[in-house]
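Before anything else, here is the set of structures, which you'll find just below.
In the two complexes that follow, chain A is the common piece, with chain B as its partner first and chain C second.
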Partner chain A sequence: MNPQQVRALIVDIIADVAPEVDLSDASGDEHLQDHYGLDSMDALTILEKIAEETDVDIPETDYDQVESLNGLTNYVAQRA
Partner chain B sequence: MTYERIRKEKSPGDTGPIMPDYEALYGEFQWGDARQMLDGLPDGGLNIAFECVDRHAKSGRADHPALRWIGTGDERREYTYGELAELSDRFGAALQGLGVKKGESLFSLCGRVPPLYIAALGTLKNGSIFCPLFAAFGPEPIRQRLGGGGGKVLLTTHRIYRQKVAGLRDELPDLEHVIIVDDGDDLPEDTIGFSGLVERNGREFSMEPTESEDLALLHFTSGTTGAPKGVMHVHEAVVAHHITGKIALDFQDDDIFWCTADPGWVTGTSYGIISPLSNGLTMVVDQAEFNAERWYRILQDEEVTVWYTAPTAIRMLMKAGAELAGDYDLSRLRFIASVGEPLNPEAVVWGQEALGLPIHDNWWQSETGGIMISNYASMDIKPGSMGRPLPGVQAAVVEHTDDTVEIIEEPGEEGELALRPGWPSIFRGYLDMEERYRRCFVDGWYLTGDMARVDEDGYFFFVGRTDDLIKSAGHLIGPFEVESTLLEHEAVAQAAVIGKPHPTAGEMVKAFVELSTGFEAGRALQRELKGFARTRLGPAVAPREIEIVDEIPRTRSGKIMRRLLKARELGEPEGDISTLEGGQ
Partner chain C sequence: MYEFKMPSLGADMVEGTLTSWNVEVGDAIERGEIICEVETNKGDIDVEVWESGVVEELRVEPGQKIPVGEVIAVLDKGEEIAEEEEKKEETREREEKEKEKSEKPTKAPRDPADLRVPEGVVASPAARRRAAELGVELQGLQGTGLQGAVTVADVERAHQPTQEVSQEVAEEVAKEPPKPRISPVARRLAEREGVDLAEVLGSGPRGAIRREDVEKALAEREPSEGREPEKDEPEAMAAMREAIAAAMARSKSEIPHYYLHETVPMHRATEWLRDYNADRPAGERLLMGVLFIKAVALACREIPEMNGVFEDGQFEPREGINPGFAISLRRGGVIPPAIHDADKKALPELMDHLRDLTRRVRRGKLRSSEVTDATITITSLGERGVEAVYGVIYPPQVAIVGFGKVTDRFWADDELVSTRPAMTMTLSADHRVSDGIAGARFLSLISDLLQRPEKL
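Right after this comes the complex of A and B.
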């Protein structure tokens, strides 16, 4: 998957989990939980769905790399 | 699968638990003795905040660290008992300056920041009522609680005020003052900055005298139907907060204690503020949300000795793997406890394997004010059990009618968990719901609404709720509140909400909706409904899953059959459906 496809997939997953989040004007560097008010269950669900769709399992130790849309996209794109 | 009993053996040289023998203390315990452990006000009376800070500040513990705060960006601040006593005095003086009186209430709606703790204590010293709300609530739960509770003062953040409260102010006629904790130069209109309030303003503070039975705390808890219930507690509750910390959490003098619960939920107030402070401990407060590495690092770096957390967090740590725990030095940790929902036996055993300590489950609720049934440092654990009643607490599994209660003596039989009233932190009422309060008491027992069984050794096991309340990540959620919000959307004709089992959160909120004519089921509408509910209720309360169905099952009298929806969801037998509308 190329980064554009990964990003589109993640945006779609976020729209499923937290449809109220508006990413249209986002720079992509916003902290997903702090900035958009997602809770840890939301974050967990998003990562689980990403793992289902891409087979990329993100270990707990790498959570600091996937706190923003850009971080998450890069992380998954490098591995998917 | 059956789990082996975890034996407690005293290691040589160990000073041992604060309660060395459960049965001996259970036999001789008197609440009056527990009251004697506290000072009381110099001129008589009792005040929670005085027991928490002033008595330590006056008795040579003034320089002992009371609150050790870690911010989301890892910044740290430490407050001694002396400092907390002074700052809360100043906040109390500020409230007096604003004309806030004894018996009036301050609501908090902010994350875990130092002003929250200072304000809680200052409010109690002013004889006012402290009512903590969860910061992630959306505008609707906020309006219901703040409006219903007649809050006169709100303590909140700039962002929360702007996003969730400013638009509601016309609907909150009792709300006179809004205090902003993260004040800067640009305070929103009609609000007051926290730092200006507690700066030395020369105002002398004299504590408002309070008696044991004066109202102190208000905790909102969800009901199956109707508005959330405001659970009222009095200053005497501190007697239970104090002693249960010692007995159930094994608090010892120099402990460093971390309760991970947010004060917006009752655990975060009873054990995240009051109990550790009344016991003179150092309590750790982390502003950030759960993160496995961060949590292990805090346990290690802060040298936490007693840790009180929740099953959801423990299950998330289990997911992160035992190896991760092994990367940290957790040797200072002596006791781990969990509350919020039943802790599965795997998690108890995992604690022993990964953290070197078993996890002690305990049980209580907003209405009981403090821990009622617990596993103890000195008592063997049966994984999956919530433990045995605290000394001073009589618990039983019962069957009841509207006016009689019969104790079920047969071990293993299920019934409703009931407690004999008489402990100091039992609630004194539901705000403005006298009838609802009276219905909790039958034949001299308080009926908890939880189903349980007790085994031949007196260990209690949680079975389920007697009502439709949902327990998700330790939070009690009323289906009615969620259904009402969904019904506000024009596409929704009927809504029914259940708790669906979830591997991490215990249960998650799932909604079934029946559409109004002219609306088309589909992914776009599903998303719209979910976003609608999340914006109003916040992520903790809103449904995580929405299913559009043709028809929601109801009884002939029109009552939603949530039980049937749940059985269908789980693929279980549907049970008695004789009252189902259109059913056979």
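Right after this comes the complex of A and C.
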């Protein structure tokens, strides 16, 4: 998957988990939990769905690399 | 025969709108099955039925607003069972009547629907409903009923001057949820013609909106006026805010809270959780909140004064330990659905349960037992960054435990000062039921349990 496809997939997943979150104007560097009000359950659900769709399972030790949409996209794109 | 009534889904609920039936006449249904969906200020609730039988009659149509306690469906339970039930029902009704008779005017509200009745005011259920419909404050009303009880007529008299003073105010009142009842014909006509029913003044019994009222509104409508924009979302938010306001105001005016806090060392729980999650895929990992739920539930077994409800002017401890876990809604508001028998569930099971509850809270798909059965509340606001949260007790419960953020803090052990993860845990509890010493034991138990997470 190229980064554009990964990003589109992640945006879809976030929209599914948290329909209220509007990512249309996002620069991509916003902290997903702090900026969009996602909680730990949302974050875990998003990671779970990403793993289902891409087979990339992000371990807890790498959570600091996937705090923003850009971080998440890069992380997954490098491995998917 | 079993008459299924509109249930009270929370202390503040006076009526609910039937959204859909999940069953048809002739269907056999089992105890615990979902019979219908009801729209409330907590979102849409899947209502469970606690009797088995065959659906004989569905008395209301989707779209109708129904007061709590009104029969909405009739189940055929088979002859023998039916007779038995009838007897039971009769006994229950008799008991209730006797209880009502012996009740003193100043006694604490018995019915959860009594929420809007301030201390010292006695009002019939019909009067309470009418007061809610008209937005009339019961406090300070001169009752003309038995023992000075406020009647429907009293409420309507109190409402009269408002209408005379200003048409604007009357319109505001008419707009306020909960709205009056609407006949199915009137609703269909209003929907077809795009009439906002909130703007229509009902002339039927108890302010019910009838076809004539909608026709009148149609006739008065400006020719240029079109359909109202969609306003479901803000309305739902306003209703949710109103529900929280009512419950919290009642809590703060009725419940003498006492507050305790304790600093809990969290290195063991944090390390244990890290190790547990390390080699598990995202779908099988646990959140810290699950450890909190289990620890609180186990501590409730030891300190029963924390687990139960305060009703009828007295505390009723509950055997089942069903913590309500506060889940926030992103559009605003918070709902603490009950996790049934949390003390008996293993951590992975609790996690699955919490995952499912969170999803359903946010999509407005809770079950009726989840909004009514909580016996204590847990709030884990720490994950939003606060160091400590002092909760307001959710009536009729008697305690709420708050978990703050886990942060590295200086820690003195003998002569050694180090840093370690720690958290401020708080308790707000009802002083009518327990004293600080019980609360202190409760917190200390939870703290101890969190020191051996592997045993949770």
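Convention: the second predicted complex is superposed on the first by the 80 of 80 C-alpha atoms of A that agree within 3 Å, B and C clash if a C-alpha of one lies under 4 Å from a C-alpha of the other, contacts with A are read in each partner's own complex, and residues count from 1 in each chain.
We take it that a contact is a pair of C-beta atoms (placed from the backbone, for glycine too) under 8 Å apart; a residue touches a chain by one contact, two chains touch by 3 or more.
Because the structure is predicted, anything quoted here is derived from the model rather than measured.
A.B. asks: Sharing chain A, do chain B and chain C clash or fit in the superposition?
C.D. replies: When both complexes are placed onto chain A, chain B and chain C end up clashing with one another.
A.B. asks: Which partner chains sit in contact with A:Leu32 here, chain B, chain C, both or neither? Use first/second/both/neither.
C.D. replies: A:Leu32 contacts neither chain B nor chain C.
A.B. asks: Would you sort A:Leu69 into first (chain B), second (chain C), both or neither based on which partner it touches?
C.D. replies: Neither: A:Leu69 stays clear of chain B and chain C.
A.B. asks: Identify the partner contact of A:Ala77: answer first if only chain B is touched, second if only chain C is, both if each is, neither if none is.
C.D. replies: After superposing on A, A:Ala77 lies clear of both chain B and chain C.
A.B. asks: With both complexes superposed on chain A, which partner does A:Leu47 reach: first (chain B), second (chain C), both or neither?
C.D. replies: Second partner only.
A.B. asks: Is A:Glu60 touching anything from chain B or chain C once the two structures are fitted on A? First, second, both or neither.
C.D. replies: A:Glu60 sits against chain B and chain C alike.
A.B. asks: Taking the superposition as given, does A:Ala15 touch the first partner, chain B, the second, chain C, both, or neither?
C.D. replies: In the superposed model, A:Ala15 contacts chain B only, not chain C.
A.B. asks: In the overlaid three-chain picture, which partner chain does A:Val6 touch, first (chain B) or second (chain C), both, or neither?
C.D. replies: A:Val6 sits against neither chain B nor chain C.
A.B. asks: With the touch criterion stated at the top, can you tell me which chain A residues are shared between the chain B interface and the chain C interface?
C.D. replies: Residues 18, 20, 37, 39-42, 44-45, 59-61 of chain A touch both chain B and chain C.
A.B. asks: Mind listing the chain B positions that touch chain A in their complex?
C.D. replies: On the chain B side, the touching residues are 72, 136, 289-293, 316, 319-321, 324, 473, 504-505, 508, 527-528, 530-532, 534-535, 538-540, 544.
A.B. asks: Give the list of chain A residues in touch with chain C in this complex.
C.D. replies: 18, 20-21, 37, 39-42, 44-45, 47-48, 50-52, 57-61
A.B. asks: Would you tell me which residues of chain C are touching chain A in their complex?
C.D. replies: 274, 277-278, 281-283, 285, 287-289, 328, 330-331, 354-355, 358-359, 362, 383-384
A.B. asks: Which residues of chain A touch chain B in their complex?
C.D. replies: For this pair, the touching residues of chain A are 15-20, 33-34, 37-42, 44-45, 59-61, 63-64.
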